[in-house]
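Below: one structure, written as structure tokens.
Going by the order they are written in, the chains are A, B, C, D, E and F; count residues from 1 in each one.
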Amino acid sequence: MTTLALPFARPPEAVLIEPFVRRALEEDVGAGDITSALIVPPDKTVSARLVPRKHGTIAGLIAAECAFRLIAADAAFRCGLPDGSVASEGSVIATIEGPARAILIAERVALNFVGHLSGIATATSALVDTVKGTKARIVDTRKTTPGLRLLEKYAVRCGGGFNHRFGLHDAVLIKDNHIAVAGSLAEAVCRARAGTAHMPKIEVEADTLVQLEEALSLGVYTILLDNMRLEDLRRAVGMANGRAVLEASGNVTLATVRAIAETGVDYISSGAITHSAPNLDVALDF
Amino acid sequence: MTTLALPFARPPEAVLIEPFVRRALEEDVGAGDITSALIVPPDKTVSARLVPRKHGTIAGLIAAECAFRLIAADAAFRCGLPDGSVASEGSVIATIEGPARAILIAERVALNFVGHLSGIATATSALVDTVKGTKARIVDTRKTTPGLRLLEKYAVRCGGGFNHRFGLHDAVLIKDNHIAVAGSLAEAVCRARAGTAHMPKIEVEADTLVQLEEALSLGVYTILLDNMRLEDLRRAVGMANGRAVLEASGNVTLATVRAIAETGVDYISSGAITHSAPNLDVALDF
Amino acid sequence: MTTLALPFARPPEAVLIEPFVRRALEEDVGAGDITSALIVPPDKTVSARLVPRKHGTIAGLIAAECAFRLIAADAAFRCGLPDGSVASEGSVIATIEGPARAILIAERVALNFVGHLSGIATATSALVDTVKGTKARIVDTRKTTPGLRLLEKYAVRCGGGFNHRFGLHDAVLIKDNHIAVAGSLAEAVCRARAGTAHMPKIEVEADTLVQLEEALSLGVYTILLDNMRLEDLRRAVGMANGRAVLEASGNVTLATVRAIAETGVDYISSGAITHSAPNLDVALDF
Amino acid sequence: MTTLALPFARPPEAVLIEPFVRRALEEDVGAGDITSALIVPPDKTVSARLVPRKHGTIAGLIAAECAFRLIAADAAFRCGLPDGSVASEGSVIATIEGPARAILIAERVALNFVGHLSGIATATSALVDTVKGTKARIVDTRKTTPGLRLLEKYAVRCGGGFNHRFGLHDAVLIKDNHIAVAGSLAEAVCRARAGTAHMPKIEVEADTLVQLEEALSLGVYTILLDNMRLEDLRRAVGMANGRAVLEASGNVTLATVRAIAETGVDYISSGAITHSAPNLDVALDF
Amino acid sequence: MTTLALPFARPPEAVLIEPFVRRALEEDVGAGDITSALIVPPDKTVSARLVPRKHGTIAGLIAAECAFRLIAADAAFRCGLPDGSVASEGSVIATIEGPARAILIAERVALNFVGHLSGIATATSALVDTVKGTKARIVDTRKTTPGLRLLEKYAVRCGGGFNHRFGLHDAVLIKDNHIAVAGSLAEAVCRARAGTAHMPKIEVEADTLVQLEEALSLGVYTILLDNMRLEDLRRAVGMANGRAVLEASGNVTLATVRAIAETGVDYISSGAITHSAPNLDVALDF
Amino acid sequence: MTTLALPFARPPEAVLIEPFVRRALEEDVGAGDITSALIVPPDKTVSARLVPRKHGTIAGLIAAECAFRLIAADAAFRCGLPDGSVASEGSVIATIEGPARAILIAERVALNFVGHLSGIATATSALVDTVKGTKARIVDTRKTTPGLRLLEKYAVRCGGGFNHRFGLHDAVLIKDNHIAVAGSLAEAVCRARAGTAHMPKIEVEADTLVQLEEALSLGVYTILLDNMRLEDLRRAVGMANGRAVLEASGNVTLATVRAIAETGVDYISSGAITHSAPNLDVALDF
């Protein structure tokens, strides 16, 4: 087994990744791979390479390794690159040697993880690269594929992005519906502060500069500027003037992200990097 | 509770969908929604509508309903359209009435399911519509998001597509690696037939017309033509001449699929409809 | 650890067998084996042999191995024979060496798996041997012990039998109830073909020769002849004349199976091999 | 929903049966029942009856009810007889009314539970009936189908039998291996008494009258007489003379059980009632 | 079913509490309650009251309700007080009416939850009451009973306490070991800021005033003062002078907490409220 | 890996402890340890010692070992003492060497297990030591922390205590409610004997000497004397005079337990040792 340690991307612990991989193997292999079991002799060994068919940022080798290990404890998986690396089309990102049958069985699950997560990492790093030179950081959202958030947020980190909150439990985010129910932003913030201690952050969504002003006057330190025009974002940065951390969201694409970043906001959040990233095509070549 | 029965799309049984939804709720809600719990009074009720922001084919309302029911047994969820329907931008595809706090808690999970699965249904129906008038049917692959295959294959059916095998266990698919190991296609087919009874289908992958010829001569009834040029596909259809069912795969896009269909093949398989379909943007409007 | 690879029987992957064994250990061992823990010193080692008390076909050593491994990682389990082998009364089918306490703890679970699965393999191979020389193959059904289908279908393969479908999801089987609801066999077949792609087989149950005739005229390729008299089975074979694969079911016993096979049918299915096979008595001798 | 309360048989709590039924449904239904979904209209309702094809003792209706309820919450299941009743061939033991599709989907799982558990109940009650008039009670063993012990021990109770211990954790049973390791029975009993409080019973296995004598002299109150001849069993009863409860095991069949009971032993244990009971054939008639 | 909604305590969603209760029922009830099943007739109904034997703060009625509901869907559970209320010895905190057998079965599990969680709530509110009038808030830690954190943190809220982070994943806490590894606090903080976005808080542990000074100079906003003497705590408050939120930990008892609070710190964290709170004795009176 | 085998305490099998530890790791580590991942280099190794801050009886090293092994397979955990040993303040009870990051991640879970279970063992051994010289044994109850019974009953054994029944399934305990429902103790005992075989013990609760007399006259062998005064306990011992095993419960504290033991009862049961034992403070020193 090769250590996949990548300081910055912070892979989840292997023991916590395993349940995801087991579930995927149960779903794909089930009662067994009829084809390989019937055609491939048990003692046939093979050596294969994971090769992206397109240039991209790699994530999920750690899950691929787990899939091969669970099916064939004695197969030797070696990463050519750690998760989070950029790989060019046709390069070898990992090799696997061992029983042919087992490798054929785990192949699709391994590739599905690597393809899906590398797709997210690649989409993220495209945004990250585009805003390079500004101070803006790309962050994800809770718009992830149901059941895969832990891995998808890891893929965002592999792509150079940062993680917003993991769920409803670990931070407060006051949106328009909450404000409407509370009667005013002041009342909503007051309730949130009354019920939380010092660890969960409180972020407030502002759709207009008037709302931003109100949030700033309440001493709110983290503010989400939702769907604001570039001009308003720029003014918002001026109004905050360092008193608050500003996150911009809404209509974030490769075409728009640079201009958004140049307004001076601190964070730009994108749901698309997790929910709409196309798969990175990776194949297992024998 | 509204019945979501859609004859053609065949939703998985509700009892089997529930574990997917529970897992997603655990992941997103965890120790609880701090924001709503602190700001929204428990007796506040609300009425909301699921509204797509773009035109598309809807799938996953059955999971959304489950999410709202698990969090708020007394909320009333009503489908405006069954899964598998085409909805226009801004139309109401479902309504939910009940406790505001519970609806805010389940909102994101419900939307993540509907957005992800409707994205797949929409991508599928785009291909299906494009080949209309030909006899070709669009089928999926095993290139699905790990852990979500059951739901994603359902979304493909909602989009008018058909399902290829569900895993390695329910059909034989002999690919180039198997042939190489067996020494010849004849030997591989022979081993597969020797080890299976009458229920699992045996499909053979052919990359060239020579291989197709060999498969036909062995009486193989289901043949996957992988990455063939249009001209070869046309010839393949002529060679098979009804003796075999032909599936085309490789380089299937909205731009290419019509021409592939017009070669006369029976099935066209696409991994992209499951692994690279962008999310359909659906919102919950209060 | 000894590899248990048996080409023909196709054992399920070890990682997928493990959950069955863990569940059985939790059920039997629970809070611990009071007796052995109190009486057997932890450093006492022992060597034992798995010995059938009756002649039979062995299946499930792969689960026994897993049970011993999970309880005592350092015990050495060695198969004398692979699953699927015929063992005579008193022969040694496996040996286990290691800590006495652990071996006593895992003993019953290991034996329950081997006894149950070998019972199924033995019942299957009795039918298989009886039809030897005819072309008929013995297949199983969905009449399996709830929760153990994956392992029981493996035991059938160990006994030389073949697997029918694994569940309701992987093949179509049109029975009398479906025909009644649809109004006619033609309509039922039409609906099934309209909703499935090329991979799931469509089998039709025929209780009479008239129904068989109708199925053949619709081009149905796989037909289940249910509870037909021998004479009708013979006629059915003549009528089909190679145009369809014929499976006979109903009243299949050691006494009747040879005659059924000699009618010329291709497959004979038996629920009794899974739901009524007596345990094969296997003991652990120290 | 019908209450299935049967005082004597003591069904396990419904909430604890549910996981067994969910597992069985996942295994059998998986991605859905293709056949019924395609052929049976969603609004078609049906009424059906569970009818044994043979005379027997019924067990498992409680699991059947659960299967139908999980698949179709609105189907109406009614027991004609409580679990533990004797039913004659062709009698109606339960009825189910509701959506045809759902009933067809849950049918096989429901029947597999009822058939398997009624088989055990029937085999048990055959022994129970045969010893009627003696004081001997029939008890089960730990030789159960892996993963189903809770339900199988319930089926034994439905058949009028009694339960031996549930696992290695809830009672001490000192066998020959333990005695050998400890050096003597006296030492083994001493260690067991030293390590347990007043609740777990301590049973000792005796293969000979000499061993019985030793156990009695140690004040052991529960003794298992393993594989003794009838004559020795009779002598054992005389020797114990009420000072100990005696359980006979080994070679217990319908042919031998009466004679064993007439020796005067208190309990007769049988592994065959759980591990080798043939299925009771029960069908769902529409 | 009674709604248990308590605005401030924020109970976890019922669907997420259920798995805890199911696990406890499996553990306690297992194969069934022999005693009640044999002695209590199934149609016997009963009415009972949950009554604390000591004055205390109640938490966990929400889990008790779940236990009774899972065992007896038709039992009527009514809370006399919401979780988080103070109850005097002998008062009725909830009533339950329904089948006697079911209520006896669920009794111990229900009481174990209420006793354990009320113990935590009571210990918490003792600290909370003691610091009343100061600005200090009581917070919990990660020193919780393994597997019960979600519920125990809820019990802390019921007692008027606040929650520190839920796990290693939702906030940064830099302790002495991290500083030692990084070489300096400055380097450690720099690495933490480089790798996180705006949502997770960064807290630094300071054992001395020198370390506090360093943290303040780095602009760290949340600082844990570990095991400082009262005098140093007072000085720390002066040094921070509102520039940072200060949490005191170490040697927090009923005897010391008031004095700690009066130093002017913002938060006081206690492991004992979760890991060492004695059970609150609550009984079910019939 | 170090073997932790302690003859008398009988640790549960490692494979059955693992699910408890995995659950605790999921709860604490979740998406990963942000702090360590960002600050501690992956190749940094460390050596640390588990050191109790107070004198106590150790239990749970077996779970700590599992936590470290699951997070860092290559870390070397060595027990200085087996579970069940008495350790003095500041002594080294175990050492761990390996990757710093992994050890920091598993630290809290490991300590939470050791602290909680050692707390129980220490509370138990305090009672055990106090009754030394009498024949009374200390036993636990079903008043355990929900979901942790298996481990907590093990901790009781580590402290020199004994286990009462594990749940409702493995022994009969007839309490006042059962007697009231049955109409009389005689009837309740009769029903219990009618429905159980020889393995589950039948214990009867007696609140008065009159009830004790009745139980003795019915030949009940195991009797729980609940909340009796010392004088009555003494008389009870005289009345039973060896004909029954007597267990005393109610108001058992360090102050009262010696006097209770000196009345001559056989067992003294305490809920407090499991539900109210304060944590034993154990730290990981680097």
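As a working rule, a contact is a pair of C-beta atoms (placed from the backbone, for glycine too) under 8 Å apart; a residue touches a chain by one contact, two chains touch by 3 or more.
Values in this document were obtained by computation on a predicted structure and should not be read as measured data.
So which chains are sitting against subunit B and subunit C at once?
In this structure, the chains that contact subunit C and also subunit B are A, D.
Cα centroid separation between subunit D and subunit E, in whole Å?
It comes to 44 Å between the two C-alpha centres.
Taking the mean of the C-alpha atoms as each chain's centre, how many Å separate subunit A from subunit E?
Using C-alpha averages as centres, the distance is 32 Å.
From the C-alpha centre of subunit E to that of subunit F, how far is it in Å?
Computed from C-alpha means, the inter-chain centre distance equals 23 Å.
Spell out, as numbers or ranges, the residues of subunit E touching 2 or more other chains.
Each of 10, 29-32, 34, 37-38, 41, 105, 149-150, 166, 169-171, 195-196, 200 in subunit E touches at least two other chains.
Could you run through all the chain pairs that touch each other?
The complete list of chain pairs in contact reads A-B, A-C, A-E, A-F, B-C, B-D, B-E, C-D, C-F, D-E, D-F, E-F.
Within their complex, state which residues of subunit D touch subunit C.
Interface residues on the subunit D side: 20-21, 23-24, 27-41, 44, 63, 100, 104-105, 108-109, 111-113, 115-116, 119, 142-150, 166-175, 177-178, 180-182, 188, 191-192, 194-196, 200, 271-272, 275-276, 278-279, 286.
Subunit B touches which residues of subunit C in the complex?
Spelled out, the residues of subunit C in touch with subunit B are 8, 10, 137, 139, 162-166, 169-171, 195-201, 203, 222, 245, 247, 266-267.
In the complex formed with subunit E, which residues of subunit D make contact?
Those residues of subunit D that touch subunit E are 3, 5, 7, 10-13, 15-16, 149-150, 153-154, 166.
Flag every residue of subunit A that touches subunit C in the complex, lowest number first.
Where subunit A meets subunit C, its residues are 22, 25-26, 29-32, 34, 37-38, 41-43, 70-71, 102, 105.
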